[in-house]
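Shared chain: subunit A. Partners: subunit B in the first complex, subunit C in the second.
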Partner chain A sequence: MSDSYVRPDGRGTKQLRDLKVEVGILDRAEGSARVDLGNNIAVASVYGPREMHPKHAARSDRAVMRVNYRMATFSVDGYKRSYPSRREKEISKVLSEAYESVVLTKNWPRSVIDVHIEIFQSDGGTRTAASIAITAALADAGIPMRDLTGGIASGLYEDHVVLDLNGQEDMKGTGDMPILYSPSVDEISLFQLDGQFTFEQFKEAFNTSKTGIRDVVEVIQNALKEKYLLIREQYGVDDEDDEDQDYDDEDDYDEDEEDEEEEEEEDEEEEELTPVPSEPIGEAHSTTVATDEEEEEVTPVTSSNFVVKQTPTTDSGLDETPAEEKPSEETEDESKEIKNTWFNKPGAELRPMKSNSTSEEDDDDSENVMRDIEYSQEE
Partner chain B sequence: MSDFELIVNSIERDHIEKLLQDNRRLDGRTKNEFRDIKIETDVIGTANGSAIVHMGQTKVICGVKASFGSPWDDSPKEGALFVGFETTPLSAPEYRSGPPQPDAIEYARVTDRLIRESDIIDLERLCIIEGEKVWQLNVDIYALDDFGNLFDAAALAAFAALSTTKIPEVEVVNGEVNKLETTRPLQLSSFPISVTTYKIGDHFVVDGELREEQISDARITFGLTENHIVSGQKGGFGAFKSDKVIEILKNSIKIASDIRAKVSEQLPDLTFAE
Partner chain C sequence: MTLVEEDSIVVPGELLATGTFQTGNGVIQDGEKYYANMVGVFFSKGNKLRVRPLKGRYYPKVGDKVLGTIEDVNLTSWVVNIRGPYRGFLLASNAIKGRFDPIKDDARRIYDVGDVIKAEIISFDRTRDPMLSTKFPRLGKVEDGRIIEISPNHIPRVIGRKGSMVKMIKRATNSKITVAQNGRIWIQCEKKKDQDLAIAAINMITREAHTNGLTDRVQEFLDKNKQA
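And now, the complex of A and B:
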């Protein structure tokens, strides 16, 4: 089984499709994420922990994870009926159970954490795209987890063990094995398989997925980091930040100054509360993750571009990226950025983005006016 | 789950775990031992094939119906196969009638994958008129008594029922399809076995009975033919260390071949296609 095999879409056997993760894309939800895995588009939202309804489904020692996986009617070739299919119900069940083992549910007895996941465009591997979105959305909601879990499938296509099957490979392939894996606690929380694997192929596929998931988790981590860096930038926490000047400009508003202080306090709190999702909390058998290391890795980002660009993974040492892919990548990213405009940017609900709008001052003013109104109402 | 159940469960769990430290279980088995399996075949006259499987106290019944149907557009030469599972209110107090609950859907879909992916039936032999008329096989399993591990019982029942299934021979006259009096058996080409392993604390047991299933952290089911791993499903709220998954699979392969040998003795009609 040679690694030089080139798949129909030009990928190597152990190469992920382009993966892009954005967090905080929805305003109403407590946490949200959009995942583009190849041609899959998955959007996840998190509500809760909140009171369990119906009551009898509550558990007195822990929260229930209730994952609801659905596919949009236009997400497939042809038209998908809007009522949940048996497949959707099964995937909802296995995803719910998977996240029971990842989320620290004992923190909220008798409650429920609702995760809704909608697939808007599908091309093989939707449940793994869904899981990536769920993990990112849960972390975005600040829900403590034992680890960042990633999901990916490996399967058999033309007798090769390949990572992350697309729709065509899934149809024609002879095996598919999606898993969810938490790298730092080394746990499999979802496992499904169908097809015809020999034991050796199974082992290869299993290890291929585990390696692939490390890359997936890194992308999730980067997406979360970028959101928090963006918030920090917008609130001007960093001393060298330009935004401090912005505040000075607004000094003529008396109340606004108070407001600003308040906001800064809040912000500090937020900094402390910022979940470090990769750090397992509580449980004895969790291993510590080198979060310090991650801090060092943080590099300044341009706020205009927070979309995590995942170049095909080469650092895993598994595969070489074909050289001709590089030029095409730029055009691809451009088209994707256009596609992404149908969602708000992360952090946009907090403050208009500086580099994004030329009429930034106007926006700021209008926000201040809003705050003034709130103030007068309180008085 | 009520507080009462939680307390009872934790007491019972302690007890079960203590036993498992000495490789003992509530019903006297060891960790890698299945309950006794008893299979009766041809139990339903109206079905084309049928079987009842007893696995300890767990009982399921399976019937196979063959009827005329249309082929899928993308496989005009192949018959159709459907596997269903119902956790009937007969089998446990918590099951209700009405639309299938997630549990039942999972049992059905996992069993469907096992039968389908094992290539047990040559679907092309079920073709009557290409692109128009094919045999449609409905393999439906009903739980009678849920004393745990319906996955493995369902797989055995489906296989046993298929092994006894006889399809009417047909003649095609001017595009008309007539059923003849004579029948032919399905020719099976593999023998898939399902092995479910339950995780209880640090222990792993196969074929959990009811209480073990209820207090287990997680379970993992492997569907295994003679040479391949054809299906898999993890369930339950816990997780498995990744090296354990490989270990469990190795163990399951060994157990599957034992069960295959034992069960074959109980299926006198069992013949495989060359």
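And now, the complex of A and C:
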């Protein structure tokens, strides 16, 4: 095989068509991407993870990838029917199955990740252009994936192994082999082959595709990073002038967030508290809040104390609580009863249970997720 | 050994480090190699590698306070949209403090379809949909004001360290703001102009969430627009 062979459109045998990837082009989608691969134009949009409809199609242990590949009626020469053809359904199916191995679907059980691809212009290799668009759009949507997957076809044209066949080569060539490959985990997630290859030709085509996909993935990476780096360049200041973060790590936020307007509303609430016995409790309660705020870190112990102390306050403030929409007569009738009973009821135990779990389970939770991920990786 | 600079933007499949580390959110391990699994900002704390995501859906967590809209009313329960892939369920026994009698009481008189409620997630795991409660203080129906939706990943940024950012916006715009973990923010202002300013500031935060010195820039932005 000579590398000096020049293809009809002037490319070398191992040369890709021009590839342009742009992410975040649609406002309403969770993630989106437009891919220009030669004359192909593919737009992918990602919705979800979201609730699965129909319900019976959901899987109890993982999210379902649902890819919907469509070609616009004007995307081809001649006539194309508007309803999905056999070919479109097939490509939808193989792509959804291919991406199930890449996306960490176990993070979102019982849900669905919807991906829609529209081909606006086609010139051979639309499924690889589509796969590039899907990868970029999924990553743009913030969906955890094991790797960025690229897709490219290799094939035989006039007995030469050539990379990234265009429409003409696809029609006249004697072989076509699109693959989806994830470079850093070194895995193939889609492999199709049409035509007749000798074993030598197959090996060459396979390796050519893998090399081509590394370039493709680099383009996707740059597109994804560029979106954020541009904003950093425009608005960001140099690192030097504030070395400490002006926000906390995820574990610490929760406590703070609602303390905010709790202050305001709490004041009102406490003023309305009249019963004598509850007053010291009310005070203790408010001081707890104050210390919580001043302290650098809210320790789990304090927060659980806070909750426990808070319960009686809530109880005495029962009548004033705005959450109550019920007709008041009944509440008043029962208020004396409820006063001492409602937080002793089984349902009320949920509160302390929850408060115990807040800080410690935080870590456990993340570890659970991680365990799942590792598990899915082993598969 | 970490191979990526702190605070840099990483993409799925990017090799972050080799050696022995703990994995946090957004990092997967393959033997001694650690890869990112989502687009985000890389950072490490001690021996723990993490990626702070820049986009993504809300994933419920027990103890989260959320703003939800009532989607459906049953005889003794409500179906609540809390964003994200799962629907929240609010049982009547968790909704009000008194006893709920389905014969005497009408669930629609407590919460009706379209109502916005502030609720807390009291139980959730992978196998069951989240259960909500509005029984605790300061939870329940939200009236008046305006709700905007942002990505839940930007919520920490909107709150700021010990609530500094949201306090600043509140002070500058003279408004009441509740930030819920599911990415919904409730704003109430007396003047529409102030409300718009608060929303503009929050939009600015979400757009520039991955940059440094954001608090100062938001302060600047608020000062500038307040005078005008």
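Definition applied: the second predicted complex is superposed on the first by the 231 of 379 C-alpha atoms of A that agree within 3 Å, B and C clash if a C-alpha of one lies under 4 Å from a C-alpha of the other, contacts with A are read in each partner's own complex, and residues count from 1 in each chain.
Going forward, a residue touches a chain if its C-beta (ideal position, glycine included) is under 8 Å from a C-beta of that chain, and two chains touch if they have at least 3 such contacts.
None of the values given here were measured: they were computed from a predicted structure.
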>> As a test of reading the superposition: which chain, subunit B or subunit C, is in touch with more residues of subunit A?
In response: C
> Touching A:Ile143 in the superposition: subunit B (first), subunit C (second), both, neither?
Replying inline: second
> Is A:Glu118 in contact with subunit B, with subunit C, with both, or with neither (first, second, both, neither)?
Replying inline: neither
>> Under the stated touch criterion, which partner chain does A:Ser182 make contact with: subunit B (first), subunit C (second), both, or neither?
In response: both
> Once the shared chain is lined up, is A:Ser60 touching subunit B (first), subunit C (second), both, or neither of them?
Replying inline: both
> When the two structures are overlaid on chain A, which partner does A:Gly31 contact: first (subunit B), second (subunit C), both, or neither?
Replying inline: second
>> According to the stated criteria, A:Glu100 is in contact with first (subunit B), second (subunit C), both, or neither; which is it?
In response: first
>> Going by the contact rule set out at the top, does A:Gly195 touch subunit B (first), subunit C (second), both, or neither?
In response: first
> Between subunit B (first) and subunit C (second), which, if any, makes contact with A:Arg87: first, second, both or neither?
Replying inline: first
> Which subunit A residues come up in both lists, the one for subunit B and the one for subunit C?
Replying inline: 60-61, 182, 185
>> Under the definition above, what is the set of subunit C residues touching subunit A in their complex?
In response: 7, 9, 11-15, 23-26, 28-30, 35, 37-40, 45, 52-57, 59, 61-65, 84-87, 93-94, 96-99, 104-105, 109-111, 120, 122-123, 126-127, 133-141, 151, 153, 155-157, 159-167, 170, 176-181, 207-208, 210-217
>> So in the complex, the part of subunit A that touches subunit C is made up of which residues?
In response: 30-31, 48-51, 60-61, 63, 104, 107-112, 139-148, 182-185, 217, 220-221, 224-225, 228-229, 231-232, 235-239, 241-242, 245-250, 253-254, 256-262, 264-266, 269, 293, 310, 313-314, 317-318, 321-327, 330-331, 334, 338, 342, 347, 350-351, 354-355, 357-358, 361, 365-366, 369-370, 373-374, 377
> What does subunit A use to touch subunit B in their complex?
Replying inline: 59-61, 86-87, 89-90, 92-94, 97-98, 100-102, 177, 181-182, 185-199, 202-203, 206, 210
> In the complex of these two chains, what residues of subunit B are touching subunit A?
Replying inline: 1-3, 6, 100, 102, 105-106, 108-109, 113, 116-119, 218, 220, 222, 225, 227-243, 245-246, 249-250, 253
